[in-house]
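The first chain written gets the first letter, and so on, giving A, B, C and D; residue counts start at 1 in each chain.
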Amino acid sequence: MADTILELKGLRKNFGALKATDDVSLTLKRGEIHALIGPNGAGKTTLMALVSGKLPPDAGQVLLEGRELTALSVARRAQAGLGRSFQVSSLVSEYSALRNVMLALQSRQGHSYRFLRPVMMDQALREGAREMLARVGLGARASVEAAVLSHGERRLLEIAVALALQPRCFLLDEPMAGLGSEGTKALVTFLQELKSEAPILLIEHDMDAVFRLADRISVLVYGRIIATGTAPEIRANPQVRAVYLGEETPA
Amino acid sequence: MDNQRKEWLLNAGVIIALFAVPLWALAVGEPFIITLATRIAILAIAAVGLNIALGLGGMVSFGHALYLGVGGYVAGIAAHHAFAGTTVMGLPGTNQMLPIWVIAMLLSGLVAGVVGALSLRTSGIFFIMITLAFAQMGFFFTLSWPAYGGEDGLPIFVRNQFPGLNTARPWDMFLLAYGVLVAALLVFAMLRAARFGAALMAIRQNPDRTAAVGISPFGIKLVAFVLSGMITGLAGAMMADLTRFVSPAMMAWTMSGELIVIIILGGVGRLFGPVVGAALLVGFEVFFGGLTEHWKLWLGLVLLAVVLFARGGLIGLIAGRERHG
Amino acid sequence: MSLALVLEQLLNGVQFGLMLFLMSAGLTLVFGVMGLINLAHGSLYMIGAFLCAALAAATGNFWLGLMAGIAGAAAAGALIEILVIRRLYARDHLDQVLATFALILILSEGVRMIFGPFPLYLNVPDMLRGSVDLGITRYSLYRLALIGFGVAVALGLWLLIAKTRLGIQIRAGESDREMIAALGVNIRWLYTVVFALGAALAGMAGALVGAIQSVQVGMGEPVLILAFVVIVIGGIGSIKGAMVGALLVGVIDTMGRFLLPRIAGLFLDTSQAMGVGAALASMLIYLLMALVLIFRPQGLFPAHG
Amino acid sequence: MKLKMTAIAALAASSIGAAQASEVTVGMITTLSGGGAGLGVDVRDGFQLALDMAGEHNIKLVVEDDAQRPELAVQIAERMIQSERADILTGIIWSNLAMAVVPSTVAQDIFYLSPNAGPSALAGANCHPNYFNVAWQNDMLHEGAGAYANELGYENTFIMAPNYPAGTDALAGFKRYYEGNLAGELFTQVGQTDYAAEIAQIRASGADSIFIFLPGGMGISFMRQYEQSGVDLPIVSAAFTFSQDILPAVGEAALGVFNASQWSPDLDNDANAAFVAAFQGAYGRLPSLYASQGFDTANLILSATAKADVQDRDAFREALREADFTSVRGDFAWAPNQHPIQRVYIREVVEVDGVITNRIVGVAFDEHRDVHGENCPM
């Protein structure tokens, strides 16, 4: 299926007796935003770690455009085209915004085992990075250290870094967290454009944003996906309502 | 004056002073001061090596004396066989510094590769301890292996040769050490500015992020560790020739500690941190050692004060925090 | 090679291991509870030995000296914790290594200033002089007493940690530092007490060993390195691990030095065999440590799950 | 660590200007801290005593502690030659330190006078006109112990020494004259403090006697542990393990041990009587053989400075070769390799007036010289 970019097949991960990820399968198709929601402790973080390669699964597969990624490290998966952002901003804090993006670009374009040419004199890298920063609206903040950027700016820088990887698909882990309503609105618009470039697997707490943005939604509870569908389908799903609204499901 | 300019001026001052003081000593006939300057330069080379792993890569190697010792023993063993006219594993000894340096760097790089490949699987205190354990293995191996002097060490009766120089003369030996130091600093500066340095420093600050942009931390760190070991190994070969003596003490854990101390006194990750630190340490020893036999007490207090209150070392104190642009 | 010889060497290994345990217990507690690498632990061992030797020489009573050694090391530990160590808990390992490296320089030189450059010699107490017949072999009574002492202290430590309020706090501190705050424990006080306890154990080891060896500046550092090997093998933070690690290191080191030259002697001539055997024997425990770290990076008995 | 003791002679020395105008700078590198400190302190004190007793002289003495570490000794030697401009180095206690320092020192046309260490390599093929050994070649006293072990009727001796040049020399020297069987042969680590494993092997070996060479703190630790072990075999040794620096710390455990020495505090000659009395007067303790060697070394230098200017190396060397001084050990003569030819006594450890010390009970060799001299081209 040429339309499926990312596919998870029967992923499992146990921590002792706890089934943190329990037979999760889902697909991410070209041009879509697939949101993953679930209450706290549902296993979203674990699933993200399995997809990005931070944790090895006990069973199951991760496929990107039909290519098996399961045995690859985080770095290899990133090279293969997984562009992830972190739930809590995770940047190279002493580097400027520009250098953070350049780091992603240097990995994308060639490799890091170059010992001679000063990286700051690499015009292609610099220009490329500036372009990415401009796209997320951080053009004026290029030379500011990541540690000094505001919270919202760091969220945007996360996106810019993911963009710089020119990935086959994005994995965005709560990109709206702590952005405020203005910032969220801007980002929603941005993501809607972005999905045509590469599909987005979105983990997000902000339900309004999710229901506005997502083409499909999967609901994760106790490590299992209990439902997948469009926004109206999910809204209507009694199991989901039970989990989120505390409504009793008819036995 | 902004900080970058201050650091630049400080660096220029240090490198000029390190040349001018022994030159003055040469003029007034004080060979011991030249020897001291040579020792500073060689210790600084060793610390430049460690600074790649520790300063740029954040790898707290508590066993860098191992590479110093490997380099030292390469020089000592080569000279020993050249002197006695015997062979080692079918190869003749040599009293030429250039081939000795090449072998010293290759061998210490190889050792660093093995140690790094195993140690880099761990992190934090475990990394500190496993690097220490490997260095202790080297220490005890040389201590009890009788062929090259064991505990007694191995004297180099005549300093190894360098084309065009008379290495027995303190000034010539100094020129050699100074030249290699400048080269080592250039290599360090180049590495740091290049893509490799960008990746390495990013890994130190945030390995997860660096992996997520597709740069594998293990490979980068291993290469850095090997380069680091090679430069420290080169310094070891030169130090052996300076003192005309190699002994297991070169691999003692206190030597590893001293190399870290040098970097901290100067400034971690700073280009000239090792030079400033080595000058401070040797200067401290000579100056306070002349005043009181308990100079190590004062060294301890100064070091404690630096760690507790002046994290950036002397360069940090003068030129502030480093900026990565 | 007789059974008697093997037995005696085994006892030597156990005695060595138990003294290493006294050193390692403090080190591992301090790391487990406070997350601190303390290189100056060997200096506390030295302080205990010097105080014991000085007081025993002055009063003629070993036991008074031992008390002084333990109490003095504990006091020195508490003082160091309050003045320096306290500022290092939040710092990274590099800072801890360096600051405690500086403490070694300060304490060693300080002791040298006070007691002079010569070794002191501490006499074995009269009631423990001489040797006893164990049936298969005779053995030094004092060394036997050290084994008994080591076992008793290990039991006492186990009781302290398993049964007392302080022990509960220590265990809480090891598993979750925030939890002990929630328990309403004064963390500063707890840290000082744990550090002093570790120092007391180190001082005790120094004083006990001082009576059969010599008491000199720098005596603590070789033991310190071995104690690090012990806790890395045993699992940092684990008292049980320290015990197993210490006995392993003590016995393997002693038996290695004894057996390896003999084994090498089967293949090589005597003088070569002694060299090769000794070289391998002295590397043996570091090899063990490297293997443990490679295959069980958290040690044999990891403290945190 | 740096004990700097600059003893400049009575002001007079330079101004009155004895026959030889130029000052002689003697750099003394010796062990003043750690387990081996007792030996270095005695060499230094003996040397200083000779200068003090000489009154007027033109010797400038600079003393530094090597902490028994070869790499430190090398650095100090470099500084003494380059910075202090020393003409003569002396003081090294340990053979491994001597091997590290002496060859490059004498090659720079500096004299080295050994007050203690006498490694075989420096007596044989690597002998040098600028190297004089005022004490003994390492093997000598051990050879005496070996010869005396035969006399005592020992047939199955366990022998043990630290693993460094003097240790190998010691065992070789003992075996050269000993005729019985060896119950076992062990090398220990230099500076080792725990001998439990070695004692176990001695116990299991079935030996009838022990020969040990464990100088300084090593000897003290071993003897104290040996006493507690329940092994009770007679010990024969060279003077080093039972010299006056060790005996007070070992105590009664040492009584009755036979040891070979070229010197003893009860040696009956005028120079020695004066030396022992003056040493006791100055330092309040009995001198050890190390003190006697330091004393002799200083007197040898003094005798040479009276005859030649140290800047004239050849003349000064000749003056040293004449050895025109009164040794506290009695007659003193050089073998061609510039090591002494001397009598080797056997001493027994005894208690005299509550002080544990040595007493001469016999002679092992009369005019003994070392075997390595044959390989010396001089």
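Operating definition for what follows: a residue touches a chain if its C-beta (ideal position, glycine included) is under 8 Å from a C-beta of that chain, and two chains touch if they have at least 3 such contacts.
These figures come from a predicted structure and were not determined experimentally.
Enquirer: For the pairs A-B and B-D, output the one whose chains share more C-beta pairs in contact.
Expert: If we tally the C-beta pairs in contact for A-B and B-D, the bigger total goes to A-B.
Enquirer: Measuring between mean CA coordinates, which chain is farthest from chain C?
Expert: Farthest from chain C by mean C-alpha position: A.
Enquirer: Could you please state the distance in Å, as a whole number, between where the Cα atoms of chain A are centred and where those of chain C are centred?
Expert: Going by mean C-alpha positions, chain A sits 50 Å from chain C.
Enquirer: Averaged over CA atoms, how far is the centre of chain A from the centre of chain B? Could you give it in whole Å?
Expert: Each chain reduced to its C-alpha mean, chain A and chain B end up 43 Å apart.
Enquirer: On a C-alpha centroid basis, what's the spacing between chain A and chain D, in Å?
Expert: Once rounded, the distance between the two centres reads 77 Å.
Enquirer: Provide the C-alpha centroid distance between chain B and chain D, rounded to the nearest whole angstrom.
Expert: 38
Enquirer: Of all residues in chain C, which are in touch with two or more distinct other chains?
Expert: Correct list: 112, 278.
Enquirer: Using the touch definition from the top, which residues of chain A touch two or more other chains?
Expert: none
Enquirer: Scan chain B for residues touching two or more other chains and write them down.
Expert: In chain B, residues 143-144, 146, 150, 296 touch at least two other chains, as defined above.
Enquirer: So which chains actually touch one another? I want all the pairs, not just one.
Expert: Pairs flagged as touching, ordered by label: A-B, B-C, B-D, C-D.
Enquirer: Quick check: in the complex, which residue numbers of chain B touch chain C?
Expert: Contacts found on chain B: 54, 60, 62, 118-119, 121-122, 124-126, 128-130, 132-134, 136-137, 140-141, 143-147, 150, 253-254, 257, 260-261, 264, 268, 294, 296-297, 299-301, 303-304, 307-308, 311.
Enquirer: Which residues of chain A touch chain B in their complex?
Expert: 52, 54, 73-76, 78-79, 84, 86, 90-96, 99, 102-104, 106-108, 110-120, 122, 143, 145, 161, 164-165
Enquirer: If you look only at chain C, which of its residues touch chain D in the complex?
Expert: Residues 1-2, 4-5, 8-9, 12, 15-16, 112, 117-119, 121, 124, 129-132, 137-143, 212-214, 216-219, 254, 257-258, 270, 274, 278 of chain C touch chain D in their complex.
Enquirer: Quick check on the complex: what are the chain D residues that touch chain B?
Expert: 1-4, 65, 69-71, 74-75, 78-79, 82-83, 95-96, 99-100, 103-104, 107, 163-165, 189-190
Enquirer: Which residues, counting only chain D, touch chain C once they are in their complex?
Expert: 32-35, 37-38, 41, 65, 163, 185, 187, 193-194, 196-197, 200-201, 203-204, 217, 220-221, 224-225, 228-231, 249
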